[in-house]
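The same chain A turns up in both complexes below, where it pairs with chain B and then with chain C.
For the complex of A and B:
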């Protein structure tokens, strides 16, 4: 063709200039808004993560060779020859090598290098840094100069050395050289893999029963399967303590093994990840094509062969996707191993222990980086697989309708009943324990455990805080996320900007809550940060929760928006109407079902989340889920269970309200859907 | 018919459009007169929709200028241009009633509520749906929805109406009916209209002028009859209607040669002896013989040189006519397709395997370059 020729012809003709479009007011407004929401994501995610990453590479050490001192005699005039503190320390051994590794706030008093120091003595001291890197405090004044300064004994008492910051892999080296720490990687992975295998297997058969059999009570089973989403992940831990703990009435079933540790974590993980796996696999099974089954029957394939050649391949993307989602949930979960992990260390709890227990923020950052890696891999694989799953959907597929088969149906019914008993049992135990006086000795009814104000953890105020957080997150989050998704889906041009925005919107899903929370400490608790004022407020909890659950909501919004006619914006522009009018008059009303879905998702997650907010709450903003954790920590297990069930009932009520609202909204504003 | 006295309303000059490395429009220039209905016609991917979207400002051209009503609109955003648009998908706002859909563009324009209501009912009457105002779009049929989309697009009296495959989503019967209505409406309003379509029948029926496009270039611009009768290129000839294409050799200016057979044709510019494609439409081939014409009519061969005796190899009944495949050694392996009326076939008693005399009328026999066919 002549195309290449014309391309070069056009490139050579300088006179023809490329047309640059003039931006309309709407374009400017939309791009501006997109930049604002993009900046929001940068500030609430990218910057904190960067702060955390740089923290993990920062080591602080005291370099004693960087300081020189001279000491005078009693007259205060005749000074000895200069000597470094290193030399003094080698002589006296007052500071050990490990003491020289410190955090960013580390300080060493200088007088300990002088055994006969007295602040009343007339002896004068001279002190200087030998290099520019050295620094020390006199009182609160930082001195970094290499000039000698002369101090009397009383002032010298207030001299403190400050560590030197270095950037490097030092922290990571320490981490991997400390078996107590690095062992957690293996622990976490093993727990996650075992939980994944069990959950996906159970969820598959459960979904199979619901989609491919004619068993009874499907609606009930579906409802029960979704219940674990409504409670914090640590609630099953509490139930397991009651069942199999030191006082548990089923303790003997473990044959001497302890529930505190891997067994408890795995059982609890199966409980709280089950609905996630079930949803994904159920979707995969429900879209299968009946014609393939008919073909298999015509070709005289046995049911067993049909299962392996049609059912499993059809659901394979769902299975893989579910596996990675479960793996990710388990490996990043903090609440459950905190409650029932015992001495069994996992990564997410290590972060908490390093930061809250040992105040070693750098090491917390290192564990966070280690935890992010498998989470990102799992996330990436999941995204890849899900994009393939979409390709399986074909408009011409015929939905599969199961035919009754008594033996299979009853077997699956029995299996599903066991799952339902497991889920309802866990919830029931918690509710029962919350309502009795003193498990297991006094099983009489009492509401004592609901007197939260008498326990640690913030009392009823924390429950109200949780509701406030849930509502604010739902309202603010839905508004920001939906508008952001609209801008990225429907604005003109600005391709690079939209691609970057899309990337930012996908990132939060790959970031474990613990990591996000810790990153927030590093970023927002920095006194130099103009946003420091947010620290310790409810606002930061809202921001953190919105960011934490941004991705799923964004994807829900994007999907809904993509289903809308892509020419609405063009029509609106041709009619000279502002795009914002289109957004409020058409886009939002038409997308209301998706908007409600996003808000209930955000509300329920805000009610149950522990991981991100555990670093960020203040006494005034304690949350119900945190209260469960803290009461359990303090040994008030029954009140913890009671609070956990409060969360459950609140979420269940929210869910019912959501259902009613959806119905109402559908009938009122979506009248157009009816013919 | 285009009125040459009318002034140019839309002028497109040297338009280029790239999508990455793909060249979608290649130096396209076009003038559209005031009040004209112009169809952009071509196969999918030919650039017709790209050109429409460039006129609307929805996808800016890479290079080139567009002038509308004397003003340069080349780089203006859609909201600052003057046009109404109708899409294949109708793009009616599903949650607004028909009335509010039509009123959408009238709001915030300084019109009072009664004014808007009056204009809306006027428009609904105009498109023949005066009683449907309180329904929602989903409650109307496809054809009705498209009429509402049209009413919405013309509500503000735009200077230019753009129709992007407006009828493609409709049933065949509704389509025929609606294309007539759109044409009527356009004439009544006198609004300059550009319509994109891939349906040649639609273009022939509706357009004042047709712009045939292929691979990002304009192949030919002309009235429907010009395009059909005098296609400038083999692509146009083949795309609009049907066309026999037979390799031949150019004779002198008004002759083409099939092997030894030298026939008269329309004038062409090929040098004698050059390889060409000779082309003729199936329904232009004239059957001869006893009874070929209705009784009493004259059955004389006009040009002796263009009459040949062929063998009917295959016949296909297509309802309103017979399609016959005709063989003759001078066409090599190619069969000539001819459409004969049912009456002619009956009177000539044509049957598969039989022989017959046909004439390729010289006024319908065209010559095209062989290069083009290769491309």
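For the complex of A and C:
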């Protein structure tokens, strides 16, 4: 009886609206957690970016109508009627409209409004602000009052007007009207395009050699190709100084060209983006269907034709994806052009120069907005291409197995060896330079360059800070990101919420580190922000790094979770087990390999990142990568190389530990995978 | 409930201990750009006279500390600034951020080192002075003669062999540029820099880098400051430190009280100490030129004629025209993308 009653009740309600299952306790917990992690992303990314955007519109302009002057006659008395400087300027036209836009430290001398001015004349001047907003300096003393003050000519020449704060597009106008600044857009794009073409070409042939040939020592080459990931992008710059600088070994190879500039940036960019491109292309090349090659042979296609009609189309998504990833890495990179860029300005370095060098935060925000645009486009194209990637490998595919071909194998071996020599040479020269006493005058070995405490940059403490940051980022980041991915993948309903969360999780990839770091200053260094206390602590570095590297980790986690059947959740629900129990007892152990991958990714990136944290470290939380930057900046290149190599060894050790741990974990928890 | 009660009890206890400690001594937040290794030494000396005042240092490079102070304009965190470039302090003064105060004994200082207003908004400690670092080994290899004046540096033989800091990011770079404009006058100053630009290999971000690069032989001639050159020479670099004959620019490290400090009395005691003879002797360990006349002992490897070569620097000119000078400098030299 009761059952039929319920059914009819449901039926009657259905006629009015769609039935929704009652939220279980579990659903509430999961949605609640998702909202918490979503809020974390909003606070650590969306709010700061908003703060930065609004900063880029905050301008400083001279409001000439806010000042009134009176001039006396030769006797020093008998003042003329008050007149605003605006009226004087309209009459004389001494200051143009574009000169009225200024930075926060802009000044305009007041005497230029008086063509007859002489500091020796007996004429006296009276000056006042017409509103409270007006500001002028007498010498260095600020005057904000609306009272008249009387000055003799000699003092009057020391009067400087100060700009007042407004909102508008003035900063962007100044940016595009200053060739020194806007030139960087072209520079950045050209460098990124050239580096992308070179890196993708080299990485393609290297990946081809590893996947499609029978050459020897493939394991060794694979290992070497991944090494650049373990060092900050500053390090290849330092190595290039030693190789091709004015005291370099191989200086002659450049035929008089200077390594400081585009040449250096391109060579260094190829070094540090190579592993990223190689990984993507290698994955694309590793999957192929031998039947297509057989068909090509049967149709009497030449190897050359087969290459263009089978191999390249099969890898095209990988190639395009690699190209955009490399483009994005190069255009947003800050460390390398800082070290080796010389007078060649690029966007990322411009942000640093504006903020740290000139304290022009507004212009830094403008350059950031400019830099975000190409980065977002590259990111969007990459996502689009990846979503087009369809399964090449069907159930009927036959995996392609390369057959020996002595000439091809040896050519590819020679090519791969050259790449390996390039990578190992860069690392080797840095280690050598770090151990030399006083390059180039005293080449005996010493450990002097390891006395970091005697240099700028924070000393050995910064190295320990880096390790602390790496571990904290790995632990906190993995926990937050994996749990977040789990909630998105496995919770029921709540479609809009999940879609929004997914969008937030993808956004960090498109935001360059420099931009994120600067946005953090604007947001967290605001005294009115209740989170202001985080500023200058290690915690903000951890938060920033987790957010900066959120996307790739999130994607790794979702991929691993998608491999798990949703039935698990259904079974646990029917057994009346809370989902969180399922999460800890089943999901986490099954996904351990992915979890370990995420944590090593976060650790290594926390050790090598410079761009985001360079604006956020405090003297107590200096980092090893920042120390490399600062020591190089101060001209202590050898200690910078030494610290860079310390980062390399630490990351290599972490990587080895990760391998051992993965092996152990796999044998203990993943036995079910092998049957 | 009991846990909550216990935590409140502990909280009250801690609070009473903290406030008890606050009665025992005063704490001052001091912003500084002094070398990190000198900080403890300076604080110890101060505490010998005033054991009841604790200094909490906040240290960073000149540019960063200046930016930090300006960013905190409406909500100052610092009580005292001890050891920041005078041009930076002038910027802060023009924002109305400094509390004018004439420290006891200020009249015995070299007037060059004291703000012209009365009472002064800041008082100087020591000076860092521009110089040219000249690598003798590389110069011989390249056949370069040693320059004796700024004008010499525009000679064609030095093309690509001179390096200097970018004035937009480096305080040392800016004091060079502002001193040239003062020495040669506006028009000739820019003409000089146009000619010099032809010889410049590149502009570095930091002020000490040119001298270190000269020391390493990367670029034989580095426009930097004397103190850095002396240090590199002591480390064994084949350097000559050249003081150009036209005179050299300089800036000083100075001290000021931040307006709105909670503890003006303690802040004044600290500033009183910073201008004493003992304090100046303490600065002399690293700096050859200090504010107190007759104190300075020669520093090893330091050029002897340096004090006479220091120009009569107009800090107000430098601070008030900084934005305009940098704009002009960037439009002339920074826009060139070709890296030599």
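Convention: the second predicted complex is superposed on the first by the 548 of 675 C-alpha atoms of A that agree within 3 Å, B and C clash if a C-alpha of one lies under 4 Å from a C-alpha of the other, contacts with A are read in each partner's own complex, and residues count from 1 in each chain.
Here, contacts are C-beta pairs under 8 Å (C-beta built on N, C-alpha and C of every residue); 3 or more make two chains touch, one makes a residue touch a chain.
Since the structure is predicted, the reported quantities are computational estimates derived from the model, not experimental observations.
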- For A:22, select first, second, both or neither according to whether it touches chain B, chain C, the two together, or no partner. first
- Query: On chain A, which partner's contacts cover more residues, chain B's or chain C's?
  - Reply: C
- Message: Just checking: does A:527 make contact with chain B only, chain C only, both, or neither of them? Give me first, second, both or neither.
- Response: second
- Touching A:253 in the superposition: chain B (first), chain C (second), both, neither? neither
- Message: Just to be sure I read the superposition right, which of the two partners does A:137 touch: chain B = first, chain C = second, or both, or neither?
- Response: second
- Kindly classify A:187 by the partners it touches after superposition: chain B alone (first), chain C alone (second), both, or neither? second
- Message: Under the contact rule defined above, give the chain A residues that sit at the interface with chain B and also at the interface with chain C.
- Response: none
- Query: Within the complex, which stretch of chain A touches chain B?
  - Reply: 1, 3, 6-7, 10, 16-27, 492, 565, 567-568, 570-577, 581, 585-586, 589-590, 669-675
- Interfacial residue positions of chain B with respect to chain A in the complex: 14, 16, 23, 26-27, 56-58, 60-64, 74-81, 83-85, 87, 89, 91, 93-96, 104-105, 107-109, 136-139, 152-153, 155-156, 158, 162, 375
- Mind pulling up the chain C residues that touch chain A in the complex? 36-37, 58-60, 63-64, 66-67, 70-72, 74-75, 90-91, 93-96, 116-117, 121, 137, 166, 168-170, 201-206, 208-213, 215-219, 235-238, 316, 319-324, 326, 330-331, 334-340
- Item | List of chain A residues in touch with chain C within their complex | 102-107, 109, 137, 139-142, 144, 158, 160, 162, 178-180, 183, 187, 241, 245-247, 258, 260-262, 338, 342-345, 353, 355-359, 361, 438-442, 454, 525, 527, 618-619, 633-637
